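I've put the structures underneath this note.
In the two complexes that follow, subunit A is the common piece, with subunit B as its partner first and subunit C second.
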Partner chain A sequence: MRSVLKNVIGALVTILVASAVIFAAMQLVPGDPAAEIAGTDATATEVEQVRQNLGLDRPAWIRYFDWLGGFVTGDFGQSLQHRQSVLTLLKPRLGATLMLDLYATLLVAVVGIGLGVLAARNRRMSSTLTVVSSVFVGLPTFVAAIFLIQVFAISLGWFPALADTGDGLASTIHSLTLPAIALSLSWIALVAQISRASFREQLGREHVQTAVGRGLTKNAIFRRHVMRNGAAPIVSVISLTMGGLIAGSVVVERAFSIDGVGAFLVQSILRHDAEVVMAITMLIVVVFIAVTVIADLIQLAIDPRLRSRGVDR
Partner chain B sequence: MNTLEPTTTLPDTAVEPAVAIEHLQVRIPVDGSPAPVIHDVTLTIGRGEAVGLVGESGSGKSMTARALMRMLPDGAEVHGAIRFEGEDVQEMSPRRLRAYRASSIAMIYQNPHAHINPLRTVGDFLVEGLCQVQKVPRREAEQKVVALLVAVGIADGARRLSQYPHELSGGLLQRVMIAAALATEPDVILADEPTTALDVTTQEEVIAILREAQVQRGLSILLITHDLDLAGAACDRLAVMYAGQVVEVADGAGLVERPLHPYSAGLLAARPEIGVRARLRTVPGRPASGFEVGDGCVFAERCAFVTEQCVSERPQLRSLEGRQVACHRAEELDGVLLPLADGPVGADAPGQDKEPS
Partner chain C sequence: MTSTGLVTPSPRRARRLRSGQPARRSVLRQDRVALGLTIFLGLLVLVALLAPVLAPYAPDETDILAASQGPSGAHLLGTDALGRDLLSRLIYGTRLSLLGPVVVIGVATVCAVTLVLSSVWIGGRYDRFVGKALSVLFSFPGLILAIVVVAIVGAGITGPIVAFSIAFIPYIARVLRPVALRERSMTYVNALEMLGVSGWTICVRHLLPNIFPFVRAHVTIALGTALVDLAAVSYIGLGVQAPAAEWGLQISTGQADLLAGKPWESLTACVAVLVVVIAVNILGERLAAAAQKEGR
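Let's look at the complex of A and B:
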């Protein structure tokens, strides 16, 4: 219980530090938002008026706490470009990105671990995996996206080239399939390799010898003494994967014209929309840290030795 | 714990022995080419008999046990016969082999913390053989293993079932391992250095538990150890192994009082003795592994009594005075080895000026 609390407190501190860094970084971005909004032919007093209206004349640290307080209470501020609340702008886009990332994560976990299991148990599969996965590990996401669109959308016509996340769950899943595959390919390859190595290592352990000596079937040995014992590094990699997927979704959303958070982030950076950029960046940080905490908790659930000795072992 | 003294039950020679190993030869691939680890092991374990397999590290004791379980490393070449109640273990189908491992033979390992899955509870480990293989209902299996835990000296067994292996001491966990081995009611138990990782008082208790199980359940036991005294106390017969060969088989008392093989004598001389504060004697030279020895006697390199014949021709295990020994000069040396066992072996023997490397 103590280790769980420690994990959560650590996560909160990390989020706080990250928020300060993000805010400070946005202050250093060149350009004066007040001048931009006031327009090119505004006088100095008009610009000053705008600045006061936006509250930009207050000291930075007050604006930081103001912003942070808003973030905690769910108020992400106003987009100066769109003249709308950031939350209103984010809401519809968040759904699409969340679906895409979850879909991709599911693919990474299921296909990656599945291939790892097959390769750990079968010598021929293992050498095939080595060759194929080393190709895919290095495959850039945008190349994968272009290839998939060309083959499965344009030539075969199985999936739409432009993802439509509007109507119905089934059609959403169908149209997100290609983007999710493009997003997950290199991570599947990585997870497959890590799982194979981890399961292989467990297969050589003494407790597996014991199980063999007891006359258990190969399936039972794998299920009872290899899978869970080899899970720790796989959980770590998948939690990292989710961070990588968020970054990768920026590329994929553009390739498949998905109006998601990733695409919106790029757009907002180009338009100097500070409030939106800060909100999205903070969301990414929070999601990433939450995933890390969950991964740590899963590790605790897997290994009783971590529970009784605490996490700082 | 009532039976530390050896039993008087002799193996029934009229029936098939529980285990019969004949001229076992094992080669395992080392850097791609097969290297011999067992040259010639001939050994029987009678029903209800405890046999000690004694020798230094690398002499092939554990390999012999693994061969008996058919759990040798991948690519191992096996010659000779390994029979369990007359059935050739090498010929078993995968299904038969699993059944054999599940209910005929069980292994107790040296390091219980490594050999028991650390992520599963002690209860999971104990009932696994019963529930997974013999398909006994969990509740029934738990009742059985709690009773067995009591038999091996763990009174609060029911509480232990929900604990994890790392929460138990080595001695306690070794008892758990023994209980788990007994749970499936095997005919033969292979105990591979079961007490090496334990402190001395726990060692004695563990050996007593094994001895009791042997007597009360009619088990055959193969106790693998480098500890001659321990083996002598716990077993009906001892087999001494060196560099992949069984060099002498005798009853415990016979071996200690009158060793027939120079290596047995060397092992005896190397035992530390309580109350004697002298530099420990060792068997001169470095223990050889199976793949290091040439055509001659496996012990020729380190033997004080080596002759031309010993270097060129490997002695076979043969019967001598109701015992078995693999030495060309056994008759000549009979009775000579004992005083030597009390003095330095080999160091000042004639015709011997070998440097231990």
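Let's look at the complex of A and C:
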């Protein structure tokens, strides 16, 4: 219980620090929002009026707490460029990005662990995995995207080159397949390598030999003894994956012209839309840290030894 | 005089202490693959330096009549949408594509090694503070940090280089810390301390050379990651700006042609990135394996 609390408090402190850094950074973004809203032919007093209406004349630390309070209650401010609430702008894009990241996470977990299991149980599979995964681990997301587009969208025509997340679940999944594969390839290779190593290590342990001696079937041993005990490093690498996928989806959204959060972030930076940039980076940080904490908690759940010792890692 | 085992360093360490630069030659001499990859990367640097001599055309020389062509005698890799020679752009592209990661990893390594050695040596509260700060930094994805910095300084190569120089510090420090810690606890370090050698001298003259094989291995691996990250920032449009020649940017601008069935610009730049990354990764792994063996 204590370690759970410690994890959560640590995460909250990190988020608080990150929010201060992000807010401070955005104060340095060039451009005067008040002047921009007032328009090009506004007089100095009109600009001042706008500044007062927006509350931009108040000291920075008050505006920071104001913004943080807004963020916590779901009020992400107003976009300067779109003259709309950031939340309204984000909602549809959040859907597209979440869908893409979930699809990719699923691929990583299922294919990555699956390959790890196969390689742990079969020598031939294992040596193939060593060669193939060392190439794929280093494969940059945008290179994977280009190759996939060339082969599966242009030459074979199986999937669209530009993803359309608009109509219907089936067609959305179909058009998100290439982006999800591009996003997950290098992580699949990593997860496969790590789960193979972890299962291998368990196979050599005494408790597995005991199970063999007791006459349990191979499958039962693998399920009950090897996979359960070997799960810890896999859970932590998958949490790392989810963090990496969030950053990677910025690239994949550009590659497949997906109108998601990442694409919106890039667009807003080029247009100096500070409120949107702050909201999205904060969201990414929160999700990123939340994933890490959840992975730690899962770690505690699957390994009772960590709980009884009260170790925080 | 009887040896207590405390004052006398082991023979291997003693040899390393004398030679200063530990085992630099021997890894490359024993490992043909590592040697080959090192030569390959050296040649790439040469290509970057000699770009004006090697490139058949100027990188920004347009020939609109010969736009978006496939490979031919005149243009070995074809041309882009503006009729610029792709081979020449690829050759000139090595400059920005390699310079960025080298600067990033150079700065990050100096900072990381300084932080690790000082915190391992000083220990106590300073050590805990450095550890905490690095783990907070590590919990922040580098690409996102780069994007925030670009929001402040504007799109271009400077912002991403600054951001990744910071983002890579914990990435390198994390790996070096346990190695430095183990080295710190060696008896020869105690011995030197007892002999009255200053902490600075021990760190710079003894600890640093002895952890150098690990530094070299992990810096090599990090170099590949930095290259991909910087190219990714250029690819999404926040890094190097047109009309400069850079691989990530080329992949991005070539995508319109790719969708029209003329994949040359994107594909050649993709292959360039991939080849360098794979070469750097394999070299890094080899060096890491050699450092492991040496350390035992």
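The rule is short, and it goes like this: the second predicted complex is superposed on the first by the 293 of 313 C-alpha atoms of A that agree within 3 Å, B and C clash if a C-alpha of one lies under 4 Å from a C-alpha of the other, contacts with A are read in each partner's own complex, and residues count from 1 in each chain.
Here is the rule we go by: contacts are C-beta pairs under 8 Å (C-beta built on N, C-alpha and C of every residue); 3 or more make two chains touch, one makes a residue touch a chain.
None of the values given here were measured: they were computed from a predicted structure.
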Combined model on subunit A where subunit B meets subunit C, clash or fit: fit
Which superposed partner A:Ala220 touches (first subunit B, second subunit C, both, neither): first
Touching partner for A:Leu129 - first (subunit B), second (subunit C), both, neither: neither
A:Ile302 touches, of subunit B and subunit C: first, second, both or neither? first
Partner chain(s) touched by A:Ile269 [first = subunit B, second = subunit C, both, neither]: second
From subunit A, separation angle of subunit B and subunit C (C-alpha centres, steps of 10 degrees): 80
Touch count on subunit A, higher of subunit B and subunit C: C
Minimal inter-chain CA distance - subunit C and subunit B, angstrom: 16
Residues of subunit A at both interfaces, subunit B in one complex, subunit C in the other: none
Residue ranges of subunit B touching subunit A (in the complex, touch as defined): 69, 71, 97-103, 106-107, 109, 111, 114-120, 128-129, 132-133, 164, 166-167, 184
Subunit A contact footprint on subunit C (complex, rising order): 136, 139-144, 147-152, 154-155, 224, 228, 231-232, 235-238, 248, 251-252, 255, 258-259, 261, 263, 266-267, 270, 273-274, 277-278, 281-282, 285
Subunit A to subunit B touching residues, read off their complex: 205-207, 209-217, 220, 224-225, 228-229, 302-305, 308
Residues on subunit A engaged by subunit C in the complex (per definition of touch): 14, 17-18, 22, 25-26, 28-30, 134-135, 137-143, 146-147, 149-150, 154, 161-162, 243-244, 246-248, 250-251, 254-255, 262, 265-266, 269-270, 272, 274, 277, 281, 284-285, 288-289, 292
